[in-house]
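Look for chain A in each of the two complexes below; its partner is chain B in the first and chain C in the second.
== the complex of A and B ==
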C-alpha cells in the first residue's frame, strides 16, 4: 500500500516553530494517508476480510461464552440445591456425596480464551481426595480443528500485525522506489511526522479490524447473566486495551523501521513477513517447548503413585493414642465411648489433616513447577512482543495458567471447609444409644456456597514479566524506526 | 521434455547462485530440525511414561503376590495388626477398588516422532478400574496448559505452516521476474513458451527444495533414532514423504496460479502471502466455526448434572435394583444376610453398573452429537487442504483422535471383562465369607491370591499398526489439478489477450 506523499511536502516557514511545524506535517500526512487508503481497493480487501474474520471470531467466542456461563450458572445452582436437599444423613456420608463446583468465566475470556479449552471446567469436592478437574472442552472438538483457532486474541496477536504488514510495508520503501525520497529531502519534509502519522493510521486500521470482535463481546456482556468474577474488572480492561495498543504500536514502529531500511517494497514485504512468522508463529511455540527444561513435570502415573504412597503411609500410631489419652484426661473419663465428643469426628479430621499435608506438598510442588515453566515462557517476551502480549492478555482475562491454579486452590479450600464443618459436626455429636448423628439441612446450609473471585492483578509481577518486555520491545522498535528515518534523511538515496 | 529439463537445470543453477536461496534452505533445515528434535523428545518422554506405567503394574502385582504369601502364611503376625481390608491387595474388596494397578497402554507406531498431533491432549496410557470407565474417560497427562493452548512446535507444525512460506518465497519470482524485467518477450521470441517456463521452473524449484527437505528430515530422523531403522520405520518415512510431497505439490500449484496471474514480484509476493493466510488460518478457522455452529455439542455441565441425577436415582432405588441383580444371579444371592445389610463393598460394582445403565441415554446423546460433528467435519475438511494434511500427518504418527477412539473402545471391552472378573470374585467371596465368617481376611472368605489371573489389557494387532491416511486426503489431488488448471488458463488468457508480459 503506497501512501501519497504529495500532501506532506511542506514549504518551511520561518515564523512557525518546529513543534507546530511537526504537528502540521503530522496532520497533513495523516489526512493524505487516510485519503490515499480510502481509494485503495487492497486496503478495503484487507479490512473487509479482517473485519469479517473478527466478526466470526467474536460471535463464536461470545456465543460460546454465553452458553457456557449459562450452563455453569444452572449447574452451580442445581448443585447447591442438591446439596441442601440431600436429606438427613451422617455428615461423613454427605462428605462422600460431595459437591461439584464450576469455574466461572469472565467476559474478557471471550476475547482471550487462553487455556480455558485445555483445562477442566469442574471438579468434584469430596472427602479424603483432591480430585482432578474434568471435562476439558478441547476433547470434544474434532482433532484436526486444533490448529490456529480463530479467536479475537488470535486476531489481535497474529492477524492484526500481518494486516498491518500488508498495509504498511511500503510506508517509506515506496517513497524510495518511486523516487520521491530526493524531493522529500529537498523540501525538508519532516519524515518523522510522516512516519508517525502513517504508523498511527496503521494502528487505527488494525484496531478497526478487531473492532467487530470487541463489539460482539461487549454485546454479550451487556446481555450477560453471570457476574464478573473480578474485583478489578475495570483495571483489567484498561490493561488489556493498553497492552494491545502498545503491541500494535510496536508492530507499527517495526514496520516503519523495516520499510525505511529496505531498498525496495518487495524487500520490505519479504523481511516483514519473515519477522512476523518468526515473532508470532515460531518464537511462541518454541518458547513453550523450551520452557519444559526449566522445570520438568512428572507424568500423571508418577504423580498419582507418589500421592497414593504418601496418603497410604501410616501416620504415627502413637500420635492417635496420645491424642485419645489427652482427651480422656481433659474430660475426666475412662473410655472413649464416655467422651462428650465423638472420637470418629476427631479421627476423620486427623485423616483430613494428613491428606491436606500430602496434597499441599505434592500439588504445591507441581504448581511451583508449572509456575517456573510459565516464568520461562514469559522470558521469551523479551524476544517476541506476541509472547509478552499473550501473557498480559491471558492474565487480564483471567484465562492464563496462574488464574487456573488460583481457581484450583480456591476449590480445594472450599473442599477443606466442607470437610472441617462436617467433621466438627460429627465431633460435637457423639453416638447416643448406638444411634449415629444425622446432619440435616441446617448443617448443609451452614457451609457457604462456593463463590470464586479471581485475585486482584499482581502489578509488580505483570510489570516484570509482561509490561517491561513489551515496553522494551516497543522502545527498541521505535528506536529502529527513528534510526530508519534518520537514514532516510541522511543516508544513501538508493 | 529436453527443453523443459534444460530450463529447470538452468533455473536451479541460477537459484543456487543467490544468497537468498541458501538462506531459505538454511532456515528450512534449522526450523525442520528443531521440530523433529522436539517431536522425538516428546515421543521419548511418552515412551518413558508408558514404560513407567507398565513397570508400575508389574511391580504392584509382584508386591501384592509377596504380601499375600507372607500374610496367608501367618495372618496373626503382629506386622499385619494394622492391616485395613479396604487398603490391601490381599482382600479382594481392597484389591478391586483401590489396590489393583492395571493400565491400558496404547502402542506407539514407528512414525510417532514425526507429528505430536493430539498426543499431548489424549493420554497414551490410562489406568483401568474395575468399577467404572470414569478413570479412563477423565484420564489426562500432566502438561502445562499454556503449552496445550499455544500448540506444539514439531515437524508437523513446520511442514504445515512454515514450509509453504518458504516454498512460496522460492517460487514467486518465476515468470513475474521475467515480466518485470521485460525479458519474457525476448524469451518468447527465442521459442520459449510462458507456460513451459512457468510449469518447468516452479515444479523444478519446488521438487528440488522438497527433495532437500525430505532427504534432510529422513536422514536426521534415522540418525537420531527418532524413527526406527527397520522396515516399519522406512515405511513410515515413505508415507511421510508422500504426504509432504502431496502437500508441497498443493503449494506448488498455488504458486503456479499466483505466478500466472501476477504481473510483478511485488504483487506475486502479496498474493502468495494472502493465499497462505487464507489456506492456513482463514479456511480451517471458518471450517471449525461453521461445524461448531452447525453441529453444536451439549454442554458438559449438563452431563455432570445428568450423572448426579442418575446417581441420586440409583441410590434411592438401591434395594430394588439389588433385588433385581440377585434375581438375575441367584447363584450369588446371600445365604443369611438380608439385602439391606449386604456390605456396600459387595454391591459396589452392581451400583456402578446401575449408574452406567441410567446414563445410557445421556451417553448416547453426547456420542450422537459428537459423531454428527465429527462426521460433518470429516466431510467439510475436503475444503481445507491444510486440515487434510494435519489429519494425514497425525494419523501417520498414530496421534490422531480416531485412533484414540479405537483405543478407548478396546479399553472399554477390557474394562468390562475386568469388572466381570471382580464381580464374580467378590460375590463368590461374600458367599464364602457368610459360610466361614472369618474375623480377619482369610482365604475362605475375602482373601485373594490369584493376581496372575486378573485380566490384563492387550491391544489388538490393528492398534499397533500405523493407520492409513483417509480417503479424504485424495481430494488434495483435486485441489492441485484445479489450481494447475487455473494457472494454465491464466497464462493462456494472458497470451490471447496480449496482456503485458
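== the complex of A and C ==
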C-alpha cells in the first residue's frame, strides 16, 4: 500500500440556514454563469446581433417618432390657423370647409406602434359625414419594409425569446450531458437556486438586447416636442416594464423546464425552437384568423354603402314638416321667413341628428365587432404569452385597437361640437333683407381646439384580458420548471 | 461507515445486484472489483440514492436516513470523469461548488485546498477546458474535501490516468482515509487496488463472491485469485 505523505484535514461544512444557503448558492451560480457566458464567443455573437437589431429598431422608431410628432404638430398648428383665418363666411360653408385633427403620438407608441401604421393618423371633420381616417404610414411604405416591421416590441416579443432559447437551451440539459448531475445531487446543490440564477441571467441578457432600442426612444422622448397624451404615463410605463419582465420570466422558466426534462442539449434546443414557433408565430396568427372568422368585418366599401343608404332614408319623412309647423305656432307667424330664428340652422341640426344616429348605429356595430375580435384574440393569451404581452403592450402604449376607437369617438365628438356650434350660430341669426349671416373669427375661435388625451387604463379589463393570462402562464411555466428541477434531483441521471 | 445489507436491485428480468452485503469501516479503503456488468455501478447508484433498490438496507455514517439524504450529508462522489465547467478556472469551479454548499470561501482558502490536492499553481487560474484527466480528478478531490465528506465513493477513479497522476491521486485517497474517511472504490485496476485498498471484494453477476484482505496478498496473488474466481464463476 502507498504511504500517506499528503495528509489532508477533513473539515465539515459550517451549518447555515437553508435560506442563507439558498441565497449563497444563487449568488454563486449567478456569478459563475456570468463568468462562463462572458468567456463564450457564442454569447457575444447572439448578444451583438440582437443589440444591433435593437439599435436599428430603436433608431428607426425614434426617428419616426420625432418626425411624426414634428409633422403632426406643424400640421395641427397650420390647421388651427387655417380654421381661424378662413375669413368671414356662412357657418355652414365653414362646416364644409372643415378641419383636420391629428392623433397624438406617445413615446410609448414608438416602443410598440401596435395598429398605428394601419389605422390612419388624421381625420377631416366636416358637416354631415363621419370621414375615414387617412395618412396611414403602411400605405406609403415600399413592399420590402412591409415584410419585416422591426420594432422594439417585436424584438422583445419574438426575437428576445429565440435569443434566450439559443442562450439557455443547455441550462440543465448540458449538466446532464457533461455528467455534472451526480456531483450536484450528492452535494445537495440547491438546483432551484442554480436554475433561478441562470434564468435571471437569461432575462438580463434578453433585456440587454432590447436596451439600445429603449435608450434611443428615451433619448428622443427627452428631446421631444409633443406633450404626452396620457394622464397616467407613469403607470403605463411601469405596466409595460412589468409586463415584459413577466413575459421574459415566463420564457426563462419554460426554457429551464424543457432543458431539465430533455435528455440531451440537442433535444432541448429542438423542443424549444418548436415551442417558440408555436407560441410566438403560430398561435398569434391563428388567433387573428379565428377572431376574423368569429366576428367578420364588412369591407370598407360595403360599410360605406350601408352608411350612405341609411343616411339617404330618413326614418321619419314627416318630421321636418311637423317641426316647422310647431315652430310657426310657437312664434305665432305664418311664414318661415318671419321667424325670429333661422330655420336653416334648425333644419341643418336636425339633419346632423339624423346622421349622428346613423353613425352611432353603424360605427357602434363596427366597433362592437372589433371589440369581439379583440376579445377573441385576448382569449388566445391563455395559450400564448406572446399574445397576452402584445395586448398588454399595445394597451399601455395606447396603440391598440381600443385606444384607436377611443380616438375615433373623441374626434367624432369634436365634429359634432363644431356642427352644433355653427348650426346654433346660424339658428340665432336669421336672414335680414336677403342677407345671410356670416360668421367671423370670433365664431371660429369659439370652438375649443381639439386636444385628445387617452382615457386612463382600465385596470379591471387589463387584469382580465392580459395580466391574468400572463400571470397564469408564468406560474404554469414556473411550475413546470420546479417539476423539472425535482426530476433532476430525483429522476434518472440519463 | 458504509453498511450494505441484503441489497437487491432488479431491472425487468435482469437482477443487477442480488443480496449484497458489504461493510466499509472508517479509515478503510475498500476496492470493489468485477467485470463489466457485474453490478458495481448499480451498487454505487443505490448507495448514493441515484437508484432505488428493491430490497435491503443501506446506512452511511450510521445514518438511518434514506440513502439519497444520507449521501447528501455524508458522502462525496468522484466519477471516472470529473465534470467541470470548462469556461471556469479551477479556482472558480471549486468556488462555485463551495457556494452551492452554502459557503463563502476566500480565494486563498481555495488555493490552499488545490495546493494540498497537488494541482500545480500555474493551473489554478487557467480555464478547466485545458485540464488533463488527472488535474480534473484532483479538483474533484478538492470538492470532496470542501464538503467535509466522511464517506468517499469513487467510480473507476484512476481509469485513463498516467502512472504519475495515478500515484498522486492514490496518495490523496489514502490521506483522506487516514483522516477517518471510509472509501469505497469501484475499479478494474487490480494494481491500483492492491496499492490503495485495505480490503477488496469481487462482484460477479450481482453477487459478492469473494473478499480478500489485501495486507495478506501480493499483486500477483490478487490477480491470480481474481482470474481464478472469474473462471470458476463463468
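The definition used in the following text is that the second predicted complex is superposed on the first by the 475 of 494 C-alpha atoms of A that agree within 3 Å, B and C clash if a C-alpha of one lies under 4 Å from a C-alpha of the other, contacts with A are read in each partner's own complex, and residues count from 1 in each chain.
The definition used in the following text is that a contact is a pair of C-beta atoms (placed from the backbone, for glycine too) under 8 Å apart; a residue touches a chain by one contact, two chains touch by 3 or more.
Everything numeric in this text was worked out from a predicted model, so none of it was measured.
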Who does A:400 touch here: chain B (first), chain C (second), both, or neither? first
Most chain A residues touched (candidates chain B, chain C): B
Please work out whether A:322 is in contact with chain B alone, chain C alone, both, or neither, and reply first, second, both or neither. neither
What is the contact status of A:186 with respect to chain B (first) and chain C (second): first, second, both, or neither? second
Would you check which partner chain A:486 touches, where first means chain B only, second means chain C only, and both and neither mean what they say? neither
Based on the superposed arrangement, let me know which partner A:24 touches: chain B (first), chain C (second), both, or neither? second
Tell me the contact category for A:194 with respect to chain B and chain C: first, second, both or neither. second
In their shared complex, at which residues does chain C touch chain A? 48-50, 68, 71-73, 75-77, 79, 81-83, 85, 87-88, 92, 95-104, 116-118, 127, 140, 143, 145-150, 167, 170-172, 174-181, 195-198, 214-215
Seen from chain A, its contact residues with chain C in the complex are 1-14, 16, 20-21, 24-25, 27-29, 31-32, 35-37, 39-40, 178-180, 182-190, 193-194, 490, 493
So in the complex, which bits of chain A are touching chain B? 42, 49, 53, 56-57, 60, 64, 67-68, 71-72, 74-75, 78-79, 82, 100, 102, 114-115, 117-122, 132, 134-150, 154, 158-159, 162, 166, 265-266, 269-270, 273, 277, 281-282, 284-286, 288-289, 291-292, 297-305, 312, 314, 317, 366, 370, 373-374, 377, 390, 394, 400-401, 404
What part of chain B is in contact with chain A in the complex they form? 31, 34, 38, 48-49, 52-53, 56, 82, 87, 103, 117-118, 121-123, 125, 127, 138-153, 157, 160-162, 165, 169, 265-266, 269-270, 273-274, 277, 280-282, 284-289, 291-293, 297, 299-305, 308, 312, 370, 373-374, 377-378, 381, 386-387, 390-391, 394, 400-402
